[in-house]
Amino acid sequence: MPNFSIMPREPKFFDLFEKSVANVAKAAKELADFLEDYTNVPLKVARITELEHEGDAITHQIMEQLHRTFITPLDREDIALLTERLDDVMDFIEDAANAMLLYRIEQPTTRAREMAAILVTMTSELVVAVPLLRNRSKMKEILEHCVEINRLENEADAIIRHALAELFDDTPIADVIKWREIYEHLETAADKGEDVANVLEGVVLKHG
Amino acid sequence: MPNFSIMPREPKFFDLFEKSVANVAKAAKELADFLEDYTNVPLKVARITELEHEGDAITHQIMEQLHRTFITPLDREDIALLTERLDDVMDFIEDAANAMLLYRIEQPTTRAREMAAILVTMTSELVVAVPLLRNRSKMKEILEHCVEINRLENEADAIIRHALAELFDDTPIADVIKWREIYEHLETAADKGEDVANVLEGVVLKHG
Amino acid sequence: MPNFSIMPREPKFFDLFEKSVANVAKAAKELADFLEDYTNVPLKVARITELEHEGDAITHQIMEQLHRTFITPLDREDIALLTERLDDVMDFIEDAANAMLLYRIEQPTTRAREMAAILVTMTSELVVAVPLLRNRSKMKEILEHCVEINRLENEADAIIRHALAELFDDTPIADVIKWREIYEHLETAADKGEDVANVLEGVVLKHG
């Protein structure tokens, strides 16, 4: 049979989602490695910025396809939200790394390393959960990953609360200000990861 | 006539809204009492955190019902927004209380007490306004409460602006940083209360 | 032919958008002039606050008309988003000016002046782009302005990152805190300007 069709090819939303989530997971991993081995700071931060630019390109591709596509495999607003929240996770990972460079942080804190580890686990969950969107019979499995991501976000919340309280104990005040900003970026990255899970949960409940 | 039906029971969105808003109002009251009588801090903060967890459960119930319900008594997006913004008010009340505990604040400021009083009045307005959604003929009365809530938010805004400016006059710099965060939480709680009023106003204009 | 019609008059959404964007552009210009000639601070800040109130009135007018109108010239959600994001740009311009007054800033920084200049250029682009919504055959031209606005937002981002890093070099710590807040307002104003461009881009891709 000849390979032609009157219908335009179905846009590859799922392929692009998976590309986006893989990219975010890679950035989380780079951040964790960077905080573990805190050397060559400008180079490692530049690598994360590079991933952030790639993420922007994927995001732009999805949004453009969304605007041009009449019939979409998920509700339009869910596609937009999923895309934007994934992009947010990436942005805040990059903001955290960049702040460490700009503020000439000499040594990462244990709390920052803990947060990076949480972001690695959270994005690994998303890497497994997102492809399950392709298959209605497996969609329900997404919910287990959402539960785990919610648990991780609560853990992140507790880490940050204690990190902030500890800061005032023995840190020079200029460093208090710098670290508060870095912690805020890390916390927001985890919040946005939970937002992704909430969008996924909504999709499953609608279609499941 | 026997009490049966082929149709599933209409989900009790309005019951859940009222439960949510009552819970938020209770938290605002606990916060105001706590700042008035600043003793047993860990216990009182734990009580507010407890209310925040109850709020999460209600929010989750509404969102789940929303995803499972085909015909809803208000537009889906309005139900979701109303629920999320109420949940936000609660979250920021809890954040403010929790920051006071974590930062070992020794004495609340007058400005913090003023803000808690505004949150009490604002949420009392919401407790009256939200049940009016049930009845199309009374819906218009909601608008008066929205006007009052907008006024309260402007008042909150002025309090916070002055609170922040005053901070620099005679506060040790570490306390400046701590109080800025607490004030920010209180201000955002009031902002989110206004967001709730804006959603209500939109609903009235659409249906009124 | 007599001047009557059974149809209600089409609400003037485009007129109101143009009024809103002109108002925001005027505020950006006032801010830049104010930072250039930093005298009569209370008077000049009051003038920007005045513009912000006018902006609120326009925003309210659009939202009310949106709720009352059945058939709208653009998607309802795009009208709401465009309106709210323009209002946000205005709010953060006013927040920046107001913080300078409240914190008794004695002299603006070069970075603050650079940010105001970016906001002037960005809002001038919007003043040209928004009227192109009226005409489907010219809509595509909006995209060029969006590209330019995105470029300006990246520039703003770089300015702020460097401004924040510089702050720690030689600024008394209380001023570090004050300026961080002012810079954050300016940065958010630019972010919201980019959000406006993103909404416009989405509209063009849908209708173009």
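Note that the chains are named A, B and C in the order they appear, and that numbering of residues resets to 1 at the start of each chain.
In this text, contacts are C-beta pairs under 8 Å (C-beta built on N, C-alpha and C of every residue); 3 or more make two chains touch, one makes a residue touch a chain.
Just so we're clear, the structure is a prediction, and the values are computed from it rather than from any experiment.
S.K.: Over half shared numbers or under half: where do the identical copies subunit B and subunit C land at their interface, same or different?
M.R.: The interface is built from different residue numbers on each side, given that under half of them are used by both copies.
S.K.: What angle of turn lays subunit A on top of subunit C when you fit their CA atoms, given in steps of 5 degrees?
M.R.: In degrees, rounded to 5: 120.
S.K.: Report the inter-centroid distance (CA atoms only) between subunit B and subunit C in whole Å.
M.R.: Computed value for the inter-centroid distance: 28 Å.
S.K.: Please set out, as single numbers or ranges, the residues of subunit A touching at least two other chains.
M.R.: 173, 177
S.K.: For subunit B, which residues are in contact with subunit C within the complex?
M.R.: Checking each residue of subunit B against subunit C gives 161-162, 164-165, 168, 173, 176-177, 180, 202, 205-206.
S.K.: With touch defined as at the start, can you tell me which subunit B residues reach subunit A in the complex?
M.R.: These residues of subunit B touch subunit A: 63-64, 67-68, 98, 102-104, 173-174, 177-178.
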